[in-house]
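Chains here go by letter, A, B and C, matching the order in which they are written, and residues are numbered from 1 within each.
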Amino acid sequence: MRLSSKSLLALFGVGCICGLIGDHAHVASGTTRYLDVGGVPTIWGSPLFFPLTVGIATAAIGEIRVRLGPSRPGTLEEGLAGIASVMAIYLLTALLSDESTSTVTAFIACLAILVAVRFGDGRWSLALGAVAAVVGPIAEILQHHAGVFEYTSNVDGLADVAPWLVPLYFAFGVVASRLGGILESDA
Amino acid sequence: MRLSSKSLLALFGVGCICGLIGDHAHVASGTTRYLDVGGVPTIWGSPLFFPLTVGIATAAIGEIRVRLGPSRPGTLEEGLAGIASVMAIYLLTALLSDESTSTVTAFIACLAILVAVRFGDGRWSLALGAVAAVVGPIAEILQHHAGVFEYTSNVDGLADVAPWLVPLYFAFGVVASRLGGILESDA
Amino acid sequence: MRLSSKSLLALFGVGCICGLIGDHAHVASGTTRYLDVGGVPTIWGSPLFFPLTVGIATAAIGEIRVRLGPSRPGTLEEGLAGIASVMAIYLLTALLSDESTSTVTAFIACLAILVAVRFGDGRWSLALGAVAAVVGPIAEILQHHAGVFEYTSNVDGLADVAPWLVPLYFAFGVVASRLGGILESDA
């Protein structure tokens, strides 16, 4: 591993906590509803595997980014701003779930562009954002079809999941990449 | 022309596309309703003249800005962030159309100030923002009185059009000015 | 006083005006309701003491900040962006008052973090933000218990006042500190 165990653990922890908060907001606002989580214990409304998956993905993207090529150094405050930006966008998708989904998706895409311009670290971070924007929604579509959860009826326009997952996961991938670079330089 | 044909075409295209997306959001959210567009063909709910006007205004402001005096160079990413910022504000006016219009107008004014501080390029860009903030709403008031469209009843407080058009057009004018400077320096 | 009378008056005026606008938005959206203001005259729905208190607090925090240690110089535009950011967050708490308060609180906390990273000026500004985040809500709780006003039922989760007052006052304290530093350096 290029990142220290401490850095990987920090990324994992950040991903777990942000995943829990965002998922709770989606459940509380009725954006999503869990149907059959296979008896897995839940924390704050989320089945255990959800925050764990987000945590692992965050650490994995950070590690992959620093392996792909030289990354831009940065401060922990810059990283904190990146985390707060993605978390805010995630929460907005819950707050805006009753609005026109096409409008919300365009709005989230604008915010994702602002995140990419502000926190992007060259082509590799954009590429990892793009990978997250494809893999994340596909993982959710598969879980939906396995009967794990469902999106509420007006936000299921992308093969039964929310179209704004694409820009949301993109912003997540860009910032997780940046966090990798920041933690490498901070160590 | 000070800007190349390619730059003017890019500004025109950006204005057309953003105008179409924003107008669609206004129509979809019931913020505005077209009444009599005089038989003009519509694209995605907008009569053809609307996106064309926004495109022409974007190119005109960019060209006028670079003629008025030296402009600050900038990257295309900076320009992209400016476009995403104005587009996000435009979409917010659709998403918030059911809220208190005075509160929404104050909120959009705060965001327009942030855009002016971030993307403004001296007094000329602010002046062009101010011109857009006057001419844009007047053009909409004239079209309203000609029976072309109407704003929904709780967002028609400025001579029958939305009061937040003033800060929205201001932000548009500031960013279109900045795009002119960026494209001049990028060429 | 370390700040000039002109600077203190400017801080006082900014605090009064922003307090009036934000309080009006809270009243207009039904977020808060004044019950018994003891016969004090009201301006725009706010009893006189409310904007005056915010004005005095803004000037006091600015003055205290520059006394606590060297501050970072800055432009008036930077200060304007800080004011617009806090005002926008304040207005958002009115616009989002019908949404899940835990989600709104987490969202406002993310924005407060972005404000702290962008406008923070070292540990003293964060400390003053923290003081505001404690003193502000306590002052509101005391006024609530004195029968002056009430928060609407779904946003009274923090001892009868809104939980998002904590990040809102924090952002206010950070920016008021920064304004002190800017006005000192501008003089």
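What we mean here is this: contacts are C-beta pairs under 8 Å (C-beta built on N, C-alpha and C of every residue); 3 or more make two chains touch, one makes a residue touch a chain.
Since the model is a prediction, treat every value here as computed from it, not as a measurement.
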{"item": "Chain contact topology (line, ring, star, complete or other)", "value": "complete"}
{"item": "Shared interface numbering between subunit B and subunit A [over half = same, under half = different]", "value": "different"}
{"item": "Whole-Å gap separating subunit A and subunit B, where each centre is the average of the chain's CA atoms", "value": "31"}
{"item": "Multi-partner residues of subunit C (each touching 2 or more other chains)", "value": "none"}
{"item": "Partner subunit B, residues of subunit A touching it in the complex", "value": "96, 99-100, 102-104, 106-107, 110-111, 113-114, 117-118"}
{"item": "Touching residues on subunit A, where the partner in the complex is subunit C", "value": "21, 24-25, 28-29, 77-78, 80-81, 84-85, 87-88, 91-92, 94-95"}
